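In the part that follows, the structures are each spelled out as structure tokens.
What follows is chain A paired twice: with chain B in the first complex and chain C in the second.
Up next is the complex of A and B:
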């Protein structure tokens, strides 16, 4: 059923939000912030997850979440102290909940005893504080989630002081055995119900009429109102409860449980006696036969709704009307009680000595109390009530983004069409186009801001990963996150999870050393992985740093030579060696480890990041650590580029990577022994890449007429691209090539120019890496 | 006459399921994500019956029910408590605050409707 699928989708969405919230809350809780707001938020999150899981029958999840929730409930009300041990157990429990959710989502089966150990620890902790007590806690929880309503035991004796006072003449609870009337032959299916509501029954908006209506569904009923307790009008209290009822009920296979179930909601708010006929209920409060009004309600159809409103609704009304000398309030709950009570009060005050009437002055609606979790909860949650927000289908936003992208192209095309001639003739048009360009840019920024999300949503998954890695490797690792509120386009964020996971695995597996080794090196036993995000110009930088071993260059180079990635006679620089870890098929692990191995190397990271127009760079300090920097475009959609010409074809270079441009005639090139060329720029040597040569095209120009585009790739390593011509700057919309072709080394994608021509987007970093290989080959 | 139900729950899943079940059964459904929002809706709409969760941020269900009952005009408004607990205490708290009845999650659609008819005219 598709509805169900929709609900499930909503549920899993919600779960991932809740899991993120849990991560966040526990990050703070771990840091010592164990205030009530956080604990409540945690409890609610688990509670919501459990609630939804119950609806879809994810029984494993329900069972675990229930045990966990109970522990949290105890923590929340102070019965269990939130020690570090409990915090750690909870963090582990979050992971198990997440696994259950994932399993539920993917339809996998988890082991039946998965999380059993933790569940038992919940049990132990809870039992510890309860002193091994009453309700059986462990195990059998699932049954509680039966769809059926559990019949509720109705207690005749009202002892609780919470329960408001019974009416003036309380009905003595009488044991059936004590009835002194001679036993009559038992007629199966005949029952007598004596029903005496207390005042609070009405204050909770329950209504005897509705109860009768429901009884009428069970069988044939006969209702008698006991009106003996109705006081003279002068003593009549508007909220007083003066009426009780006796109901005879008949249906062939009627059980006591079925009758009691009707009164389920009013348990404690009334006195109920249910006796099979054959016993006689002695009139408790009324020794003299009361003035009795009788109403007959025919056995209704099984279907409750078949009973017409009139049939039922008329019953008590008639009842009231027929009651002799009784004030018209035998049935105090009417359609508009507040109103009728008020009327009644007026009547009373007219005919009785003045007395305070506690009605008719409805308090102004109580001002909603300030939320207990107000300020505290707000900063942490994405559910803060302060920010007004609407939910919009992502598809709709994407459509707008796409249209705006097309608009940007059209606008840039229009601008291109304006040659000098036209500009001089149509100044108004030029001004209009300038305004259009500005507005388009503004529109684009605003639309992209809609799709932007804090990287938090990805970062928050990492603490768990690090914990798992620490456990598996036996290392001690601490994760720090910085700048998690930095916003990136949602589409970029979605692509970020895998590369980040891989990079962190790499750091934990290859970077961070064993505690002993760290100690020996004079480092803290606990290794640190720092994950940070910041905006730098038109880019977002995501940096994964660790204070571990750094890249083992000797081994990397050896492996690269073994695999033929680096020729034996070439001596790459340290920086070049570090980059080799991104080369396809490269893996430094001697044996493919369970953690970062998995048969793929860091080249997957690189290709994923390239796919979204980003680049990766690594720096390493032997024995001190390494840093990997992901540079990502703010948005996937539109890119500021410089349009250049190589041979007869247009190419575009992302503007964000260009440092400067110059003419070849003024540049100083030098040959290097490896066969390549370098460019000397203000005393610095920069690797030269001839784009025409690289892409197998023929340059149409004399060497001196060509241009150098000096680009900065990662880690301030510069590279000089030699192109035939520089045309100008513009904005383009990135189109992926991989949908139609495969990934092409040195090309980040394609785009359609304003004049309709297709241009390829140069991948500066890719060209560089390729050049290293080529030199090596 | 179409009955108007206010559903109050911080879980979108539950709200969506309630909405689906109730609107299919011909009710008009209004939604709120916490007690405070629920009160706001009550201020501006005529509601025939309320279904509320207990554990919610900002203002929980118990506080919400207390506030509703304290506001004179809603003393006879049926309020059903959504609860996963079969342990009585949540339910008792809800009732003590003025709840009319309860619905145990996960709810069976037919049962849900019949419980509503149990407390509304």
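Up next is the complex of A and C:
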């Protein structure tokens, strides 16, 4: 039973991937890219979801997915036009499919008529194309489903029969049957289909029965199973396919393409031969001499796959007969399959004990061969497509990441322990440590690469959000995404969804103006939100830009004053005002809307982003728009920091935010009226924060012996932190303070140093924001 | 019995000794003895310094590294308003789980393990809000009073601005 649960878990994993894919495809389709590739991708995704759902008996999902699929199929072959209406219906349908999946996953029951309305619309659209006379058609199909998908076990039952069959039936008796070409009425519309599945067909959740049913929809059908390849029970793999089928099909205006389409989803898992009747089928009619068969096998695996069941079945038999000749024939093209094939045949003829039925003797041994080389061919196919992947539990990866992180720390601790004295004495040890350092770095990079994912997975959810927002607000909004292939650590990506949602909501709700207003201002009626991702050094920048109204600073300041966030006698800079929108409980919406404006949005952004060691910055241009920038670490696991001392305590400052460091004795400080200090750096004046003072600690050092760490938090504004000592650079693992305590102002987290002590990570941006609040208090 | 308003999440870990008895770790602060339920205690370790946390109240002594996780240390004496402890190597940190968090409290010494009956737990005398806030109840052991610490209350209100 747990096996089934495992399969289910995998299925749901796949479903969520497929749903992402759907989102992505529809985002493009909505953007006007209505080409066949996209439609096919959508179709495949829905089909896969449906297939799995059928296997697990989620009948509601199957029913809906099928109706959806039918519509897609019509769209694909051009019978239904891809109008905006249809696109919207499809997008709505994706939601319903997602709901069905969620319900199935959590074991809930959806209302029986859930999605019924959409389903009817599918049917209506589909029926519109089929013409009135077949009104009942789509309904019929849907009804058919429950029957169609429940009998997963039927395949097994069929297989069981098959097992029993060959034992009693001597091969000789069966073979004539298959060679026995059906009567050939030479009139158009008669087709002969040879369907030879490879061994793995069932493992791809494909069921020949379904294919036959689909064929039956096309026209009159007559299916014959070919059972010659079924091995004795001892060699029988229960999940392998040993059967192949010949299907004769009649329908007046049937095309080869239509038939092949039915087999689209088993493409690569079987060989299909579609021959119009009346054309002679060579293998059945004229036996091919054995050497030719061998050459075919050598040339390419595909040839073997293309062989009809009969050819494959007959080839080994002949090979055995001409065993001595076979290796010679194989020599010119020294390829694996051919050699092994021939060798095997040799071996069989040499060592196989005589069997009661001579013809049957080579048969069972040879039978697995086509399937085996089929699998080989399949593998080859995978190889050529380049990407091979495995599914690994994220927990396992996380464990490795954590251990590698600790390893990196230990390594950097070891390196620090090597003082000059030791270095001079133990050169070998030093060399070893250097190699260790390199290897750990490499190991860390590779491990992090495993967990890296393109931001696409988050970005792809945004088009729908924008669509919904546009509908709700009555605004016209277009979303542009750039750099969605930028890769970030998975854990960072997971934390990204909420903040991005809030930021885009904010842009749509507060930034972009109504169409009329935009027109009056001489802008295009359609507002644009641009979502982009790029890598900048050790950081990832995620930028949300809009061409709306910008931040209404007067209102923001007014509200901040009302709420006591800013003291009445303080005039913050424009930038500080912009940053105020991230203060807790702050909202500028005139009316609390149901989109944003509950005042919980933007501070969630800030706290979420801070939690993962990032920072947020906003810039606004009145009347022209605003830009919010998230700066995120590439990885959460290891942070490059500068270790400093404040009072007697160790603190670390993320290296990515440090611009430069200098001694206080060489720095030029000036006083400003508020009593604070500013630092003059190359003609620029920078706010100074004495960290010891801010953290309520006593500095025992003379002012001139202290150090300035010039930091650049997000945006252009710099800040100068005054610390007591600079110890050096190192790598640390970020540890959460909140896990056992709570968030502390000015502190972004903690970390454990090589000596086992805890050092706190300075939240550079938090210190600045806090400064405003403190002035207010 | 009613007086023992131990919260759900640590009250339910008492089943070890039986329904009606309770095992406590007793520790001393100055002359006074206090106790916490033994099942909440994770570890007892000697004081080895802590990294101070800025912007917190004086009873937050800082954070320590407990096998890779950061655990805050609360100074129980300071929490009772008696000023900060000046810890030495002989002082002890009792690491406990409070809800889903681990915290350490700094005490002078751990003295004993007590087994008491739930019926012997007395109410904290009304009067001073600090007493009723920080203590869950009082028991008598060797004719001396042992206060049952309410860990949730001790941990709360650690931030400077409440």
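As a convention for this text, the second predicted complex is superposed on the first by the 459 of 777 C-alpha atoms of A that agree within 3 Å, B and C clash if a C-alpha of one lies under 4 Å from a C-alpha of the other, contacts with A are read in each partner's own complex, and residues count from 1 in each chain.
Note that a contact is a pair of C-beta atoms (placed from the backbone, for glycine too) under 8 Å apart; a residue touches a chain by one contact, two chains touch by 3 or more.
Small disclaimer: the values here were computed from a predicted structure and weren't measured.
**Q** Touching A:497, do we find chain B (first), chain C (second), both, or neither?
**A** In the superposed model, A:497 contacts neither chain B nor chain C.
**Q** Please determine whether it is chain B or chain C that touches the greater number of chain A residues.
**A** It is B that touches the greater number of chain A residues.
**Q** Per the contact definition in the header, classify A:677: touching chain B only (first), chain C only (second), both, or neither.
**A** In the superposed model, A:677 contacts neither chain B nor chain C.
**Q** Which partner does A:55 contact after superposing on A: first (chain B), second (chain C), both, neither?
**A** In the superposed model, A:55 contacts chain B only, not chain C.
**Q** Under the stated touch criterion, which partner chain does A:758 make contact with: chain B (first), chain C (second), both, or neither?
**A** second
**Q** A:661 in the overlay: touching chain B, chain C, both, or neither? Say first, second, both or neither.
**A** neither
**Q** Give one of first, second, both or neither to describe whether A:7 is in contact with chain B, with chain C, with both, or with none.
**A** The first partner, chain B, only.
**Q** For A:650, decide between first (touching chain B), second (touching chain C), both and neither.
**A** second
**Q** Report, in rising order, the residues of chain A that make contact with chain B in one complex and with chain C in the other.
**A** none
**Q** Please give the residue numbers of chain A that touch chain C in the complex, ascending.
**A** 406, 647, 649-650, 694-697, 735-737, 739-742, 744-747, 750, 752, 756-760
**Q** State the interface residues of chain B toward chain A in the complex, per the touch definition above.
**A** My answer: residues 10-14, 16-17, 20, 33-37, 39-40, 43, 53, 55-59, 63, 67, 69-73, 75-79, 84, 86-87, 95-96, 98-102, 104-108, 111, 114, 117-121.
**Q** Residue numbers of chain C touching chain A in their complex, please.
**A** Counting only chain C, the residues touching chain A are 49-56, 62-65, 68-72, 101-103, 158-160.
**Q** Give the list of chain A residues in touch with chain B in this complex.
**A** 3, 6-7, 10-11, 13-14, 40-41, 43-44, 47-48, 50-52, 54-57, 135, 144-145, 147, 149-150, 162, 202-207, 209-210, 214, 264-265, 268-269, 304-305, 309, 313, 333, 335, 337-338, 361-366, 368-369, 371, 373-374, 377, 381, 383, 385
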